[in-house]
Amino acid sequence: MVQERTLPMFQAASAQISAEEGLRLFEDMVLGRYFEDRCAEMYYRGKMFGFVHLYNGQEAVSSGVIKSLRPDDYVCSTYRDHVHALSAGVPARNVMAELFGKETGCSRGRGGSMHLFSSEHNFLGGFAFIGEGIPVALGAAFQSKYRRDALGQNDADQVAACFFGDGTTNNGQFFECLNMAALWKLPIIFVVENNKWAIGMAHERSTSQPEIYRKAGVFGIPGVEVDGMDVLAVHAAAQTAIARARAGEGPTLIECLTYRFRGHSLADPDEMRSKEEKQAWQARDPLSKFEAYLLEQKLAGEPELKAIKQKIQDTVDEAVKFAEESPDPSPDELHRYVFAEE
Amino acid sequence: MVQERTLPMFQAASAQISAEEGLRLFEDMVLGRYFEDRCAEMYYRGKMFGFVHLYNGQEAVSSGVIKSLRPDDYVCSTYRDHVHALSAGVPARNVMAELFGKETGCSRGRGGSMHLFSSEHNFLGGFAFIGEGIPVALGAAFQSKYRRDALGQNDADQVAACFFGDGTTNNGQFFECLNMAALWKLPIIFVVENNKWAIGMAHERSTSQPEIYRKAGVFGIPGVEVDGMDVLAVHAAAQTAIARARAGEGPTLIECLTYRFRGHSLADPDEMRSKEEKQAWQARDPLSKFEAYLLEQKLAGEPELKAIKQKIQDTVDEAVKFAEESPDPSPDELHRYVFAEE
Amino acid sequence: MAETFLFNALREAIDEEMGRDETVFVLGEDVGHYGGSYKVTKDLYQKYGELRVLDTPIAENSFTGMAIGAAMTGLRPIIEGMNMGFLLLAFNQIANNAGMLRYTSGGNYKIPMVIRGPGGVGRQLGAEHSQRLEAYFQAVPGLKIVACSTPYNAKGLLKSAIRDDNPVLFFEHVLLYNLKEDLPNHEYLVPIDRAEIVRSGKDVTLLTYSRMRHHVMQAVKTLEKDGFDPEVIDLISLKPIDFETIGASIQKTHRVIVVEECMRTAGIAAEIIASINDRCFDELDAPVLRLSSQDIPTPYNGKLESFTIVQPKQIVEAVKKMMALQV
Amino acid sequence: MAETFLFNALREAIDEEMGRDETVFVLGEDVGHYGGSYKVTKDLYQKYGELRVLDTPIAENSFTGMAIGAAMTGLRPIIEGMNMGFLLLAFNQIANNAGMLRYTSGGNYKIPMVIRGPGGVGRQLGAEHSQRLEAYFQAVPGLKIVACSTPYNAKGLLKSAIRDDNPVLFFEHVLLYNLKEDLPNHEYLVPIDRAEIVRSGKDVTLLTYSRMRHHVMQAVKTLEKDGFDPEVIDLISLKPIDFETIGASIQKTHRVIVVEECMRTAGIAAEIIASINDRCFDELDAPVLRLSSQDIPTPYNGKLESFTIVQPKQIVEAVKKMMALQV
């Protein structure tokens, strides 16, 4: 019933990536992977609670898009937000501390897994309800255009990247925002992480037209289909879209075909997806694939990659330690942050 | 700024309409026109209140679609609902009485102009908020399919026709419903009355893709563009769509290019639309056009048409008299109808 | 019958009503193949088919409106809100059409439908998944609002709600699905408009509902040991409120404490206190006390979260304090 | 200054604030070219351009979310709800993001925005266009809710709301736009968190807001003739309620009547009564009385409609009855 779409081919050669750039992407992907693996561990050890949605398998999307942005660009995520936050530069320790509910967490322990925020990193947030982040990202993009065109600030060319899943593209907010983004040529990139499932709902059972990128066309927006397991493909598509947005030419929709290697959340028994399907996608692991590419292209050697892995392992270890040792928020501040302080 | 779309040509000859059918359509259009003219009069005379949205100019759409339906099919409207109700068979006297707020009104005086209802005529209602009728119509269509497919009632082949304006097609509910209708092949016809304006907002300023019928395609729904000033063109498109829906083949979207001859509501100063634009469309008056056609094709003679007009004039006169003479709802029943009676 | 989990009690209610009336159907996200996030519709699609246990796209406003249209034309939909919070997206359909359409249509249509699912503060689910929508919806005319609290009443109430000809918002609690109880072997209904006297007593009337019923009963254990005799009433119907039962209790105890999980401002207790004020002010020996959640979005941190909602200890203290008041 | 219509007072407020702060902008349906359904933004787009007076498609949930995103990143949006009822479609964005995001983000972001527009029962506008959304939104944490009632306070309050760093729901009343009043020539602000003592008196405290203030003042004319001396307080801030002002009044009068246009169940009065009960129960010589709209969708018929909302005569009677009570 769940049909396979052929992943679009990407000519890796055309990527012309530098060693430095390659390692930067690789490190970010490793960080995403290791961080999430540690989260699973911590969750089962009772260190974090609630719904925790991991990103394993989709790393090429976060790294490919966000690492193509400037630090002053905006990133907007969903409940599956840890890795987007990390790619956006939120330190692993502050993300981990948030998951532990600590005062040192990026949302000061108030938000938790589905509500990561960091204004310092222009990370607009994790949004726990599907689709509700799309208009918020649109607002950041509008702000950018407003500064440039209404206020004449020529350097206001920040782009907003907005992530969401296949299931979310059946929600009205998706379409409403595509329309407004196109209408006003807002500097925004809609990144659909099509991992084929919305919890237990197969994409094909929820939508009459599974090729999401085609939906952009009727709004006059370029729609691009990308192999979401190939960081270089994502990276290339993102660069084009970002350049377009920054130049004031408007939005792009990028549909990344990807897969999550774990259940929907750590509470999901994950009984709906077939073993075959999982295996087929596991074989496309974006991390192994990119590692092989780096070696093959001689952009890096084994020791270098190993060192990066070790470094990230240490970062994640340190993050856990930091989170463990951080204090809970003070009950005296229970009512703080409801309203803006004077 | 407001660009003109070329109206699609319709080969009237292909309509092959019988004299009887022609007169039926004509009578319905005359009813719509005369009824609305009388509403304006009554409004200015202080007989009705609130927001009153008239349908003048768009009659070919209501008559062309609804007169192609069976009486047991469903019709769902908006706040611009008088004429849809009339076409669906709600007697003019009960519609007029509703506008007067009388107990004999089709909504027993509780609803008013934007809230006409008649369960007897499978008229699902006028809906005062844009877009909110679309899911309701979808529900009626779902019910039809449910009876046929889940309950095995082979005669359950009722179709739902859902009307809404161009401005409404930027709202999420429109897209959400197109998707579900296509996904489940529901027997529904989405009829967009594109009159180029949403109050004071020109269609082109509100949407990145003004050709609404094209939006159907990305949901796998046939999208048809029709000259909404030509009742035969609308009729033909509706027949095809209805046949398709009744056969279980799913929804159709029909975009009718039309125009309202009055302001948005009787409270609207109507200062946004240019004189030229109004005149150009006035020249396409669907009623005169169809009258000329009937005569030209010798489907009817002058006296016959005159008699129809007289009959409708009488109907509308009688409706006003009925409405005037009808009682107000009793204050004792102020709380009735909040809940279903036992 | 063997002990039944609350989620299974709900499932039985749906199964029985679907078997009894072929116009009853379920729709919502992951209600079909997945069986519902809390297993309330587990395997029902296999029994009743995909149309009667309909997996919907994530489009709350539209599928709610669709259910309304289906209800207007003769079906009896049960919407599962995977989390009731998601129905914020369907507020327009619920308020304008489910709530008001019957009146506005002058009785042309009735809308027999149930919207059910988990609400409430769970275990560190974060602010958006910890909402208590009953407060947001209580002012909407034409809706009935019900909250279940035990496997027994969950089953009987849901069956009644499904048979009701009006739109019913039916709140379950995310932390109560695994409660267990012996259920009768025979069919039974529980009326959705009657409060349940959980414990008779004479000292003070404790009004509560949903999960807070269990916090109250925990407090009662302590209070009993200390010689107090509180009356505990589970409201069951949050709209309309069953003032017959409440009034009778107040005539006996002359003291009332409302324990709710809503935030304090404009919660369920606010309306109850206003109504008590309207109806039996003179019966009161002390101002009605409301123990509510803090007026803040639910924080994720476990300690803050536990400070946000009312704990049994606070109920004990409140009762003692009220009983110590000189009248 | 010449007499100013309320709609123009609002327009002046917006114009002045847009002139003062270039991050302030207006968005909504028909706010630009059309000038707003009630002319509140008339011709402003010509002065400030199309981006600062932005005509939006009819997509309330998304343009509200867009405003939130713009506010998070440094702008100060003013949303016009053409009718506040339409914001039911934006309930999710208003509750989850405008209301809760600051808290949930642990203070990372603030959301300075105003959502304004007409609410209330007009003249036979039908149920959906006659809503009193303040009741539906009052339980949402993190929102401030304000209702203006005169040209003077409309202007001063709106200016303060625009400068506030929090999301403010700002209710105008569809029947008050044409009120006229002389406004000061100099700039002024009115604090959004303070109730306004409209008339000092000692007999009874009449709490009201928005259009009902004028019904109350009509009633007061009669009451004065009959020798009564009521105190009239316009709440202005519906959330949070200014209990300092209210409490002081109750200490003086010991009697309270709340006159609101909300439906009775879970209206603004419900929370006020509950709060009075919390804070100054012992000050009361009589139960607080609430005069509210009937618990029904607003019927179209003019007579039924007038029975639905509170009329001045009922206020007169209620005061007399309360004053006749033996204490």
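Going in written order, the chains are labelled A, B, C and D, and every chain counts its residues from 1.
In this section, a residue touches a chain if its C-beta (ideal position, glycine included) is under 8 Å from a C-beta of that chain, and two chains touch if they have at least 3 such contacts.
Note that this is a predicted model, so its numbers are computed, not measured.
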| item | value |
| --- | --- |
| Chain pair, A-C or A-D, that carries the greater number of C-beta contacts | A-D |
| From subunit C, the most remote chain by mean C-alpha position | B |
| Rounded Å distance, subunit A centre to subunit B centre (Cα mean) | 45 |
| Between subunit D and subunit C, distance of the C-alpha-averaged centres to the nearest whole Å | 31 |
| Rounded Å distance between subunit A and subunit C, as computed from the means of their C-alpha atoms | 37 |
| Interchain centroid distance [CA atoms averaged], subunit A/subunit D, Å | 41 |
| Where subunit B touches two or more other chains at once, by residue number | 107, 109-111, 115, 128-129, 170-173, 176, 179, 183, 205-207, 338 |
| Shared-contact residues (touching 2 or more other chains) in subunit D | 56-57, 59, 61-62, 88-89, 92, 96, 103-104, 126-128, 141-142, 295-297, 299 |
| Of subunit A, residues touching subunit D in the complex | 74, 76, 105-111, 115, 117-119, 122, 124-125, 127-129, 132, 134-146, 149-151, 160, 172-173, 176-177, 179-180, 183, 336-341 |
| Contact set on subunit D toward subunit B in their complex | 29-30, 33-34, 37, 55-59, 61-62, 85-86, 88-89, 122-129, 294-297, 299-304, 307-308 |
| Residues of subunit A defined as touching subunit C within the complex | 48-51, 98, 101-102, 107, 109-115, 128-131, 167-168, 170-172, 198-201, 205-207, 272, 328-329, 331, 334-335, 338 |
| For the subunit C and subunit B complex, residues of the former touching the latter | 22, 25, 48-49, 51-52, 56-57, 59, 61-75, 92-93, 96-97, 101-110, 112, 141-142, 144, 165-166 |
| Subunit D-facing residues of subunit C, complex | 61, 88-89, 91-92, 95-96, 99-100, 103-104, 126-128, 135-136, 138-142, 239-240, 262-263, 265-267, 269-271, 273-274, 277-278, 281-282, 286-288, 290, 295-297, 299 |
